Structure formats: C-alpha cells, structure tokens
Amino acid sequence: MPEMLLRARGVYVRFGGLVAVDRVDLEVRAGELVGVIGPNGAGKTTFFHTLSGVLAPTAGQLIVGGEDLTGHAAHEFANHGVARTFQTPRVFRDMSAEDNVRFGLEFAGRRRKHARDAFDNPAAILDLLGLGDVAAIPAGGLTPAKQRLLEIGMALGARPRVLLLDEVAAGLTHAEVDATAQLIRRVRDEAGLAVIWIEHAVRVLMNYVERVAVLHQGAKIADGDPRKVARDPAVVEAYLGEEGGGERKAA
Amino acid sequence: MHWNTGIKVIAAALCAALLAPAFAQDAPVRIGYAIARTGPWAVGAQMTQEPNYIMWADQLNATGGLSVKGKKRKIELVGFDDRSDAETVVRTYEKLMTSDKVDLILPPWSTGATFAMMPLAQKHGYPLLAPTATGRKLLGMKNPYFFSLLQQPDRMMDALAEFLKARSVSTAAMIYVDDLFGLEQSAALVVSFKEKGIKIVESKSYPLGIKDLRPVLTDIKAKNPDAFIALSYPPDTFLVTAQAREIAFNPKAFYVAVGAAFPIYRDKMGPTIEGVMGLGTWNPKTSAATKAYFDAHVAKHKKEPDRWASAHAWAGLEIMQQAVEKVGLDRKALRDYIAGNEFTTIIGKIRFKNGENISTPGVVSQWQGREFEVVWPPDRATSSALHPKPNWK
Amino acid sequence: MTANLRYTITAVLAAGVALAFMPWLLSDFLLSLALSCLMYVALASSWSMFSGATNYLSLATSAFFGIGAYVTAWGLETLPYALAVPLGGVIAGAFAALVGAAVLHLRGAYFAVLTFGLGELVRHSITYFEKTYARTVGRVLSDPPEAVTVYLTVLLITVATVATCAAVRASRFGLALAGVGADEERAQTLGVNTRRVKIAGFALSAFFAGALGAAMAVRWTYIEPMSVFNPFIGFQTVLIAMIGGAQTLLGPVVSAVVFSLFSELLRLQFPYAYLMLLGLLLIVLVLYLPGGIGSLFRGRWARA
Amino acid sequence: MGFWLELAATGLITGGIYALVAMGLNLQYGLMRIMNISHGEFLMLGAYLTWLAHTVFDINPVAFLPVVAIVLFFGGLAVYRLCFRRIARTSPSVDVIEARSLLVGFGLMYLVQNAALLAWGADMRGYSYLADAVEIGGARFAANRLLAFGFAIAASLALLALLRWTIFGKAVRAMMQSPTGAQLVGIDTAVLHPVVFGAGLALAGMAGGLLSMVYEITPSMGEPYTVTALIVITLGGLGSAAGCLAGGLLLGLVEAFGMHFTNPSLKTLLSYGVFIGVLLARPKGLFAR
C-alpha cells in the first residue's frame, strides 16, 4: 500500500459559537487524487486552512508524513510537503511570474528532492502550465485565469508531496477545466503526489477524481467512489437543500 | 528751524552718507553663531539670546561699529538656525569657523548645544562666552576658551538657603526635573539646606513634558512645609504655579526656577503670582545701565527681556566688546584678556576663574506687582521681600 | 553571487573608496555635510532593508540610534572607539530581536505607533536609570576621536549598509522579506518561517542604525537622552526612505543625499522660511511622485 | 471629598484633557485611515487663534470656540481638497493611503508650525482665563480644566450619538467598514471624506482653544499632543468615540495613581508601559469586541 501522506483525525474548528468543521477525518496516500465537495458554507475552505496549517484546529490532529504537526505554523506544513493554492489567487503581484514559482523552490521546496521530481526549476513548471511566455511579467499584470494557473505553479514550486487545490476550476470554461484537470493528473503521476482538490461544483470533480469526500455543515457525510457517493441519499439531500444543488449550477 | 541750519543739516547728512563708505574702508567684523529659530529650543533662544545679539550689533553699528583697538568697524552678524538639533549646531559652527572664517563667534542656546560645540571653540581658538549653559560638568571639561556667565547652581541655592534661613524657615519640600539642570540644582540645594539647617521633608523628581503635577503637590501640601521649591523648566514652572493655586497650597515661601523670570509668566498667570520667588538676577531697577538696556530692548523688539539670563547674554556681549577694544581680534589674546581681567557689565563686575564667573553672587527674586524684584542678597535687592507669601489671588 | 549583484557591490565599494579621500579634499564644513549625508544614506537604506521590503513601517530608528549612542557614552571610557561602534550595533540589534519577537505580529499603524512608543520607553528608561543609579542625566565624552576618524567610520558603516542591502535583495533572505511584504500568509504556506525572517530583518536593520548611533555620538561631546533619542531622526529617516522609494536600492541613497544637501542649502539661504518650503516640497513630491525618486530610475540600479 | 476620590478626580480631569486632544485625530484616522501627523499643529493653530482673539480683540475665549471650529473646519476642507483627495484617489490600497498620508502629514507639520513661527515668533504665549478654582465636594479644581474636561465628555457623547443615531453617522460607519460598499449603496464619499476631515480639524482647533486657557502655548507645542493623541486612540481602539474617551480617562487615572504610589519620575515610563502592554495584549484596543 502506498505511503500515508496526510491524515486528519477528528478535526474540529469553532469560531465563537459557530462550528465550522465538525470532527472530520480524512486520509490521503501517495498517488491519490481525492476530491472534497460540499455546498456553500460546508466548511471546505476552513478545513483546507487546517490541512495547510494556516489555521490551527480547535481540536483534532493533523499528521503529515507520519509526523504530528497539530498546532504548528503554516511554514512547517509547507516544509513537510504540504502545498496549497488559494481560492482567490494570492500571487506576489510585484514579482515576476518566474519569481513567484521560484519562491516555493527557495523555501519549502529547497530541502526536498525526490527521485521522480520532474519540476526542478521555475522554467519547467511555467512551461508545464503554459506560462512560459509570461515568465518575466509581474504577476499582478496577468489575467485572472493565468493567475489561477500561477497559483498552482507556486504550489508546485514548493516541491509538494501533498497538493491542496482550492477551487482551481472556478470561473474557467469547460475546456479550460478539462485542461487543468489533465495537468493535475499528469503532475500527480509524474511526481507521485497526493492531491486533495476542493470544488464547489460537483460535476467538475466527479469526472476526474478517484475518490470523493462530501462535507455538509462542517461534518463529513460521505467518502468513497464518486459514482456511489453521487447516489448517496444523504449527499443528494444536502445538495437539494441548496435550491436544486450545485449539479445544475455546475452544468 | 532756520533755513540755513536746515540746509547745513541736510548737507552734513548727505556728506556723511557719501563719505561713509570711504571711512568704512575696513571690512566689517564678522561674528557668527548658530541658534534655534525653529523647534523646541527656539522658545528660550528667542527669548534670551538672539534678540540680544541683534540689538547689540544694531546699537554698535548705529554708533559706527565695534571698536577694534580703537578703530571702529561695522559688525556683520552671520547667524543660522540650528533647528534645535545638536548635529546641526556642530556642523554650523564648523562652517562658521572653517569655511566662513568669521572673526568671532557667539554661543548657541542651551547647555546641550554648548557642550556639543565646545571642542570646536577650543580646536579653532574662539572664545565662547555662554549665557545659557549651566552646570559644573561644563566647567569640568576644562576648556580654556569656555567662559560661563550664569551663576553656578551652588551659588543660587546658597542664596536661597540664606534667604530662607534669615526668615526662619525650617522645613522645605522640593521637586525637580529629571535632567542635568534639575539634578545639579537639587544636589546643590540639598547641600545648602543642610548647611543652614533647613529640613527637606519631601523631595520628588518628575520627567520633562509632564501635564499634571497635582497628585505630587497634594502629597506635599499634606506635609505642610514652610517652603516649596520647584527646580523646574518653563512648562512645569507654569504648571506647578497653576496647580498649587488650584489646590490652595500656599506655603510661606514658594520658589520656581526657570521661567519665573519670563515676562510671559506674569502675563499668563496674572496678579496671582504676587510673592512667588524664583531664579532671577536683575531687573530694570537694578541700575541705570539695566534700565537703559531694558528700555532699548523693549523699543527694539517690542517685548521685555527676561529677568534672568537675558542680562547674562548682554553681559557676555559687553565683555566681548571691551576685550576687542583692548586687544583687537587676535583670538588667543582675546581669550587671555577675558580670562585675566575684570569687566564691568549690566549685572555688575565680572571676573572669571577657570571659566567660571566668580563675581556675580547668587540671587533670589520675587514677583511684586508687575516686577520681578531682587530680594536677596541685601546689597543687590531692589525691594524688600514679601514674607510670608500672600495668599493666591 | 549573480553578475548583477557583483556589479552593484563593486560600484558601492568603488564609491566608498572614492569617498574615503574626502577628508583631505573638503573643508571641515563640507566634510561634516558629507557626514550627515552618509548618516542618512545609511539610516534610510537600513530602514528600507526591513520596512521597505516588508511594509512594516517602523518608527524605532531613533531608538536604535540612541541605544548605539548610549553604548558609546557608557563604554568609551573603557572601550576603544573601533569596538564601541560594532558593539552599539550588536546591542541595538539584540534589542530589536527581543522586541521584534514580541511585537512583530502587529501590522500597519499599530506597528508604527508601537515602535514609536518603544523608542520613547527606552528613552525614559535610560533617563530614569541614569538619574536613579548614576545621579546624572547626560554623559560627557572626554576624549572623542578626530573628525576624520568619525567620518571614515561612518563611511564604512554606510558602505557596509548599502552593500548589505544589495546582497540581501539578491538573496533568499531578501526574497523571504519581500514575500512577507507582499503577502505574509502566502509566503508562510510556501515554507517561509515569517516570524524568524521578520525578527532577523528587524534586527539586521537595527544593527546598522545602532552602529551609526554609536559612531555619531562622539560628535556631540555630551550625550543626553533628549538629543540622541530625538524622534525626528527616526521621522526623517522614514521620510527620506519613502520619498526615495523604499522598495528600491538606489532610491533611499539618492533621496538621502538630495534631502540632506537640499535642506542644508535651504537652511543657509532662506534662514526663516526654509522649513515651510521643505514642507511644501514634501507634499508636492508625495502627491505627484508617489513612487518616490526611485521610480524615476528604471532598470538595473533600481531593481538590483 | 476624600483623598482617594480627589486623586481619582484629578486623574479623570487630566484624562479628559487627553481624550479631548485625541478626538479629532481619532475621527480622521479611525474613519478614513488618514494618519494626520500634523494633528498637533492644527491644535496649536486653534490655540493661537483663541489667544489672539482674547489678547488682541478681547473676545471671550469660550465664546470664540465656535469661530475656531468654523475656521478650522473650512481650513480642513481646503487641506483635504489640496492634499488628501488626491491621495485617496490615486492610492491602490488602504495601507498606501496610510503611508502617504503620513508623509503629507509631515509636510503639513513643517508648513503649519513654521508659518506660525513666522507669524507670531517663537515666544511662549498665554493668558489667564477661568484659572480660579471651583470647589466641588470640598476639593478645589481649576475652572478651565473642568471646562476642558466637560467639553471632552460632552463632545464625545455628542459624537457617539451622532454616529449611532443619525443618517450622517450611519454613512460614516458604513464608509468605515467598507469604502467601496458605501459607495455602492449611494453614500457619496466625495462629500463625506472632506466633511469628516474638516470635522477632525475643527475638533483639534477647539481642543487647542480650550488648552490655551490651561497651558501656555508655543509654535512647537504640537508634537507632544500628537503623540498623546496617538496613544489615546490606540488604547481606545481606532475610530471608536467611546473608546477614545475611555482611553484618555484611563491614561489620566493610571498617571495620577501611578504618581501617587510610585515616583512621578516613573510617570512616562508607566504610561508608555500601559500603552505597550495594552497594544500587545489587545491590539484592537481595550474596548474592541
């Protein structure tokens, strides 16, 4: 069985009286591509914040590559191989696209060098993303779509073992989503990564991931094969509660 | 006026105007200084020092100039703003001494600024007659070109202690400001009061820039001392007075230090300060010379000089003038002359020993009516003291 | 070392060597003017090194400067000048590290006001300490070094500061600082220990300010808290750096020289109204050249 | 009045003066993020205007306060129009507005302070007004300090009411929370900004007018007041009228009791200590929820 890279156990986040994430367990192994879906306010992004160390959970445990990092700062997660993107691109606007990618390579990615790493330098990563021709342009000057891609490039620069993707498909055309998904699969295969991909639009994810977890009101209500999960009454109920659900929205 | 006389006068004036440049073929005597015109030091500098420089130069120029070994030469003042900044003081005196090569220099305002530029005066050999720098530390530098005009703290505090002793004051409370001035004055006060057997029942210090001293004054009032002494700076001098009045703390003797001699102290506080004592040295009644000085100052600058260091500033200029008249502009000779002779000034005879003015005695002054009367020592007094101090009005 | 950086550092060193001859070429006054230019070049550059890159607007420069000055005041009796200066830097740096650990989670105006408050706190602490334990406020330096020595020392510190700035900008550390300035959380998720980077940057910047304070203190013979913790030294530094463009290398340098010379010229030529002119100029500059002088220089120097 | 009560009253009155000094800046910084470092200079202007009116034209300083307010309000509109409008329009983010307004504030500081210096000279000025003590419960308080204190309380309450219950207040609060959002719902920041800025200067000017009765004045008096104002508004939480008042009063109390229990020399250390402590423990101010 492939190595267990990230394990969240009973992750619980409370803001004042509001429970945002309610005792969620999630395990990801090397080479897996796991989707996380859920309607608005399901706690997906908050959960992601805890996975990447941006937010310390109120209770629960986070184990990265066998090491307990609960309560550690975000850079520790990054240094242990967890890299993420942000939903609204947070590129370094004044730096060139190349420097944006180089950033991760200089820090989190610096100490790691695994055998199957195909992305040794910023140029290779930018080429892979089709951003080779804008390498020298300050990131703030790129189109929103390219900034989204660059977000992935920044995360890849960190030479991750676990890649967390936060709604990278939002706002893209069908063809673009398809291309992005192909790219993610390729990256996963070439570098042997574990990928966790959050998306609000269910349909998008279902086609590309091998496993999907569903969050509803902070709790995990399903986890497994996408086709089975899609028929799960609890999941249907959750999405139906949201005015006909994300299915229609995604279409 | 007769026609003829009129024409003669005009002709004489015209001749004088035309011929003046011919007579004044000598280049003017250039006298340089840096002083605060902006920033926090400007208040004191523009009260005590620069107006005197300007008035002195104008007065002498009106009479033909400064007499250099008997030969009159106009004075050209080269004054710059030091922005209340020690580094600018140093830089400006470097410019004056090395680039402009002025003939003489006048001192900057304050102890700190004087400290900063003193080594330059020694290095380039410029006599420095400082009217607003006080403290034993300055004299401790043993700078042969430095002459301090103000009475040193021990002298002032001795005079105060003698005055109080003569009025059978037996207990005192003091507050002092946390800087060189406050510390040296308070240390001197402790010694003087001990000598005279006056018991200090409370002694507190406070930082510069304080906005409320009432809690301290309330504590002191409860101890009911005969005398209260604040070794204070202008803002706190005003504050202490106002707040003592506010809580009706009215000891037999009430003394405040720097600022008491400022006309604005009287104008801001009003008649309530009757009987308040403080750091002063002279007033227009001291002598005919001080009266003349006072009137000239009011006429020239439309404001009164302060009754403490303004006169020292003027005395410094007088000493410079007398020395230049005698030995000319050779600065080494000037220094030696100043160091070795006695001078007559508006604050009396002055002689220096190791840079210290050893002639001017410690003085205690007191507000009576609109004047800051000298009340101690008896031979300098311009009025007899009000004791005990009347109630705050 | 990249070619670009090598070029920059060579240029800085060459300028330093050229300036080292000034004491024998200039009058005392011009030399002291050069000294004040150098002082602000170093202060503004070291400030920009941290605050320009990270956008943490520090008003603590005068605190570091004052600490350095006090190291000289306390130490010069027993220490040689050559040792007092780096020691001043080290102590100021250590203080910054300590303080930074406590306050560097605050941003924006809070950080600015807090660093200002810290400077005042240090000033009053020293006043209180001196008054209570040494029974004095203010120290006299009995045997200060020659003006030439002071000039060369300050020149050395300035060259070191600018060269360090250039090296930092080209280094990983500089990239991390820039990351903190651009988006602190994002930098963290890419593996930057932002806390450590901020503390180190703050301390490094304080080191140079402290060394300068220690070097300059001997100019004034008499050291008292009021004059060496003068908040205007800190304000002026921020002003110069921001006018110059705190994100550039050359901006603060040019700005410090221009500002020092210009304000001196105005002071000497227009003895009464010059500060009004200066104020007016400042406003016009901020309104119409908001990127600072540095924004006028594009290319190698500005981005080096 | 008992000893402790009197000490507390002393602290509160001085604290009220601190709050008074801070009110104008609090409005400007809290609501617009304009870090007006020249705040103290405008306070100084108010003080000089009042002094001038009283000593030269023999006008009652209290009656003159509205005039000071009006003059400085319109002065504020002009300053806003000439300097800050452009900054607000051309700056990409709030942080940049803050930084640039700081620089412009410095320029204004130089300009105003030295204009005053040229106009009135460096001399200290002052006059005596309402310096007599009033007896309250056996303790005596200078009437001018009481007046300043009363004004601070009244102005804070008025400001609080204005912000809470009027349309203007709602607009201002909306602007504070989201400048762009406020614009979307039709709040005209092009009008509101200059008005708030002018109101800030008017408050500073009135504070100066009141302080000129208590303390003496000089052209360089502004800077320490700016510092006091900064401390008070950070203690109270930026932009909160109640916090500003509470922050000032707290500072006054800490100083009064601190001075009594320790050494007055420790006073500044104490107030900076409290300030830094609060900022570290509760960076959004003591009263932030």
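As written, the chain order gives the labels A, B, C and D, with residue 1 at the start of each chain.
Here is the rule we use: a residue touches a chain if its C-beta (ideal position, glycine included) is under 8 Å from a C-beta of that chain, and two chains touch if they have at least 3 such contacts.
Quantities reported herein were computed from a predicted structural model and do not represent experimental measurements.
Any chain bridging chain A and chain B, meaning touching each of them, is among C; the list is complete. Among the other chains, the CA centroid farthest from that of chain B is the one of A.
Look at where the CA atoms of chain C average out and do the same for chain D: the two points lie 31 Å apart. Note on chain placement: the centre of chain B and the centre of chain C lie 38 Å apart, centres being C-alpha means. Rounded to whole angstrom, the centroid-to-centroid distance between chain A and chain D, based on C-alpha atoms, equals 49 Å. Chain A and chain C have CA centres that are 43 Å apart. Each of the following residues of chain D touches two or more other chains: 113-114, 265, 268.
Counting partner chains per residue, chain B shows two or more touched chains at residues 37-38, 178, 205, 207. Shared interface positions of chain A, defined as residues touching 2 or more other chains, are absent.
By the definition given earlier, chain contacts exist for A-C, B-C, B-D, C-D.
In the complex of the two chains, the chain C residues touching chain B come out as 27-33, 36, 124, 127-128, 131, 135-138, 140, 142, 144, 216, 219-222, 224, 226-227, 230, 232, 264, 267-268, 271-272, 274-275.
Against chain A, the residues of chain C that register as touching in their complex are 172, 175-176, 178-179, 182-183, 185-195, 247.
The touching residues of chain D, when paired with chain C in their complex, are 29, 33, 35, 83, 86-87, 90-91, 95, 98-100, 102-104, 106-115, 118, 223, 227, 230-231, 234, 238, 265-266, 268-269, 272-273, 275-276, 279-280, 283.
Every residue of chain A that touches chain C in the complex is listed here, in rising order: 52-54, 73-75, 77-79, 83-84, 86, 90-95, 99, 102-104, 106-110, 154-155, 157-158. Across the complex, chain B meets chain C through its residues 37-38, 79-81, 83, 85-88, 90-91, 94-95, 97-99, 111-112, 115-116, 118-119, 137, 140-141, 178-180, 183, 187, 205, 207-208.
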